[in-house]
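Each of the next two complexes has subunit A plus one other chain: subunit B in the first, subunit C in the second.
Up next is the complex of A and B:
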């Protein structure tokens, strides 16, 4: 709760002594207190949701990661044994590698394509219909998109393979071959999310004041160098946000895999989230699954922290 | 003051919600022999038969209402397990040999010994061995048998005739792991490439196959090759585990099973069977129905589906004889079990006993979907299949000749499947040699060392 009581602080009464605000009964003439109670009331529903559905499960998950627990029966404390087993588990390391591969393909493609689309939206496609159409794939549920592509890319009856065969090339086992399975899933995800990401970047583009561009053109800057020297640097906070969100999102890939390849062929698509699901829900090893989930949580926290720090995502060059 | 009260109210409401959700599975109350009981099964083909059983049952037991829910196999077990944890599992459910050991271990099943003794259920009426499959290591009975299944070869009669293979030849195939015997010869002969060349003819293009001699559903790693290769390996005398039921040592490091898998995987390299990668997302039975495969080895619960494809005349041949002249088929039996968390135990017992009685199993037999566990009902099912024009002797023969072996019943079944599936996939795709199964076997056996 300390974080909450702090909030009406500095902004409302700059310069007031820090201690008096935290301790004891708030003074009656203090400007912030009148709003505090009502603020807490408004925060309460979200707080309740956060505590019930995030905080408690997270703490419980961390606790379970130190136990052996089969959902039926009681958890048994086994210390760090789950983590020791994970360190030696080739499937965990495989999952980490496969997931990283997915994230890499996804991020590079998605960011590049979305940036291109955003610029086209900004400069060329002013029609709301065209801009709206780009968002269409994102409106589709992940599972539906996955199954649709699963069907279209099917080795035997898929329309894509039919087209490939007409061009004289051999059929491609998009989901069945170990080389293709992860890139295929990454491409499906890129297809679905590209429009949404483009929209975020588009919003960032619109926030860049026109005067900057005018100044650049007066100085004789060409379109390409304007893009590299003005647009991209000023877009940085938005791009960082997009990167952090998409990296975290891609690390958590699950539904596409679950409804198509289910980890196979062999272990080619056994991504972290799917491996966690397999260990916890299929094999009833919730302790091990929780430990894997904690590791994924730490990885994501670290990645987000590094990205924010190194890319200075919380500062803008416009100030 | 008002805001304080409001905050208090929110907190109270939250606490109440928590408390309510926490004790959702608590109280009993009411008569456990009356009211509504829930019953789950996974096979949609069998739903009408069991719905009929429920209707008949409710006529003689007006106090009890049976609510049947069908959920596909892929989601069935997860739902049951989560339901057990959440207190919402069905009172009675169709149980599987590979799954019930885990339920016994976690004390989720009701022992039926008292009920069987009190109501004098005749355990000898079932086909041999079926009732005892459901006795746990503690000597208690956790299910009453409902049906059984074996494996045979479904084949496309027209394709066989075009290839010059008679029904007699198909029924007397022989197999060995070295050259595949007449089984491989038939498979090669039935394979046709896009130019019309057969698999055993010179100039056969294995990279452009129109019809595969043998269909492929999957590597079978997750279910001990039940319908894929277990009938071959077992004909060499191989057994999945050291003893069955309740084995504690798996035998995937045995040369006999590795030779079998190596031979089987070689069919894909020769172009006689689809590559595993081409089967992701595909359904073996439907590929057969689409005329893309000539033979499929599959279980008796699939008879309805295979004989239901329009324009395809299907023959059913017994699994091939091994080098010693012995045939083999995995024998699997389902049962109905009662969840330990049921509030209607007495009603559930009555329903399970009814499901296990001739009254219900004859109804199931008449629908010709599966073979019921009771001997007399099995015969009626065979007759019902015959009336539909389907000769099912390839399946029943195994039981008559006692050439069946039981589906392996062990602890840790889900973990074993988790290890064996990728290992077997790797062998069938040709990525790893069959000898790599020894390493997987070691991993599997270490599960039992604890």
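Up next is the complex of A and C:
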């Protein structure tokens, strides 16, 4: 948070007249010329990777979405027919609905829990050990988180169902019932990301100057109204960021679904990315898969745009 | 490096003179619950891995391993015969766990080394050199962070396939080898904040950018490079989607993909829970070791991550 805006610091002033030339207009250079040649050398490998594996695939992906392309033969241009098919594809709409449900549970649960945890940490425990413990799940692969909970939530002998039974409630088929499958996937993701998100918010809390709180308490502000009127508004840039990261990340859920339920039961967990994977790689329908991927891309871009705009996420009230 | 606490040391709310602070206690209890939820599942994995499948069902809630034994780990590392494995509830099919482990190690190390090195070079060009179109190219690099991986994964798969590199280590590492947008961004940010004095002195002495980069800039950037390498390595170790597409043969399968296979290998009936949990634990071990060694570095990098 802080490094991003930090200025070079006083050490630079020794450089005298060169001070102002850190970016933009090329001021007097030591050798008087631009560095284009040497820059090309420095940037060449990264540029190669960028063009080959980011730029060209992005363009090619858009092109493929207008073609019929099974992996054999050449792509055949069919205009917007893939998109017309998508509009009438019940499985796509199901995937969109299921994914949205997943995203929604994640936003609400994850943000609320993380915000609570961040405030708790800010109040009583700033130690690295506490933060580290909360971060542990995030460092594990999605696959590991999925398998771990697949075992703990097992219907027959999973510990969670054991605990549920002790409280007198009926066992829950977490992965086996259509009703529970998506909430369960969202819970796994929340478990994995809760600590990480809390740490992000915690960093934001640390950045709020203490003088603001002191002023509020001198003015007689109660703890709760301080939270709503001061802490939360000042946290807005961080919260927007957290929301964007959570939403964009959750829309691309794949690993946990692929390892545990593989889209089932019935279509309950056939999320967008899993559906794209199935169409492209199981059914060799790359054109259709690419068109679906374009739609996912557009959704993500739209979500990010709306969130940044409506919440003015890039501005801080602290300045 | 990012969450610099600017407040004076004693600014934390001083505990009241009361003998017992309820609010603090409740806060601690809630925090303890969150920590337990985060950490205890790992104990449960260990406890299950040290149990036998036969006794798990009858002792599904015992806190200690049910019928303590190392059979599950032996099964994972292929130290049991098929008969022994089946008798203990395994599938009996052999899995090349060592091979997967080796592949994961190769995949993560090669991509980390390549991405961190080449990204640092590019970041230097973006931060320190002056050339036409620099800021435009950098914005383009940044914009790729917004493209969802699945979107480029399809064409990249086709490319790797056309190059005949499916199921090879080269095909696995290629897309990550030359740069990751985050690494470029991360290193550029560091270079921008680094003092220029030494570099400028060296330049006055006639040193070339090449030498300055390798002899002055890189050694000075050891700390952020270590952080970046750590984050990249762990991310790559956990990668699933791309290896699932490209590394499907026994020879090119990485651990995350192997775990999925291990799970689906269980014959009809009860899964090999203890074997699966042992495999899960072994897969998580490298990250756990890194975390134990460099936990502070990782934790402190989180604020930075978030502002990418």
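Heads up, the rule we're going with is that the second predicted complex is superposed on the first by the 270 of 319 C-alpha atoms of A that agree within 3 Å, B and C clash if a C-alpha of one lies under 4 Å from a C-alpha of the other, contacts with A are read in each partner's own complex, and residues count from 1 in each chain.
Definition applied: contacts are C-beta pairs under 8 Å (C-beta built on N, C-alpha and C of every residue); 3 or more make two chains touch, one makes a residue touch a chain.
Treat the numbers as computed from the prediction; the structure is a model and nothing was measured.
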Quiz item: Can A:305 be said to touch subunit B (first), subunit C (second), both, or neither?
Solution: neither
Practice problem: Would you mind checking which one, subunit B or subunit C, touches more residues on subunit A? | Solution: C
Exercise. Kindly classify A:48 by the partners it touches after superposition: subunit B alone (first), subunit C alone (second), both, or neither?
Key: both
Self-check item: Which superposed partner A:141 touches (first subunit B, second subunit C, both, neither)
Solution: second
Self-check item: Partner chain in contact with A:156 - subunit B first, subunit C second, else both or neither
Solution: both
Exercise. Answer with first, second, both or neither: which of subunit B and subunit C does A:284 touch in the superposed model?
Key: first
Quiz item: Where does A:254 make contact in the superposed view: on subunit B (first), on subunit C (second), on both, or on neither?
Solution: second
Quiz item: What is the contact status of A:267 with respect to subunit B (first) and subunit C (second): first, second, both, or neither?
Solution: first
Quiz item: Given the touch rule stated above, what does A:206 touch, subunit B (first), subunit C (second), both, or neither?
Solution: second
Quiz item: Between subunit B (first) and subunit C (second), which does A:123 come into contact with in this model arrangement: first, second, both, or neither?
Solution: second
Quiz item: Hey, what residues of subunit A end up touching subunit B and subunit C alike?
Solution: 38, 40, 45, 48, 52, 71, 150-151, 154, 156-157, 281
Quiz item: Inside the complex, what are the residues of subunit A that reach subunit B?
Solution: 37-38, 40-41, 44-45, 48, 52, 70-73, 150-151, 154-157, 170, 173, 175-178, 260-261, 263-267, 270, 278-279, 281-285
Self-check item: Complex interface listing, subunit C residues touching subunit A
Solution: 1-8, 11-13, 24, 27-28, 30-31, 34-35, 37-39, 41-42, 44-45, 48, 56-57, 60-61, 118-119, 121-122, 124-126, 129-132, 134-135, 137, 140-141, 144, 146-152, 154-159, 161, 174-175, 177-179, 181, 184, 189-190, 192-193, 195-197, 200, 203-204, 208-210, 213, 234, 237-241, 244-245, 256, 259-260, 263, 270, 273, 276-277, 280, 283-284, 287, 291, 295-296, 298-300, 302-307
Exercise. Using the touch rule from the top, collect the residues of subunit B that touch subunit A in their complex.
Key: 3-4, 6-7, 10, 14, 18, 78, 81-82, 84-85, 102, 106-108, 207, 275-282, 287, 292, 414-415, 418, 421-422, 425-426, 429, 431
Quiz prompt | subunit C-touching residues of subunit A, taken from the complex the two chains share | solution = 1-4, 6, 8-9, 11-12, 14-15, 18, 22-24, 26, 29-30, 34-36, 38-40, 42-43, 45-50, 52-58, 60-61, 64, 71, 113, 116-117, 120-121, 123-126, 128, 130-137, 139-144, 147-152, 154, 156-159, 162-163, 191, 194-196, 199-200, 202-203, 206-207, 209-210, 238, 241-242, 245, 248, 251-252, 254-255, 258-259, 273, 276-277, 280-281, 286, 289-290, 293-294, 296-297, 300-301, 304
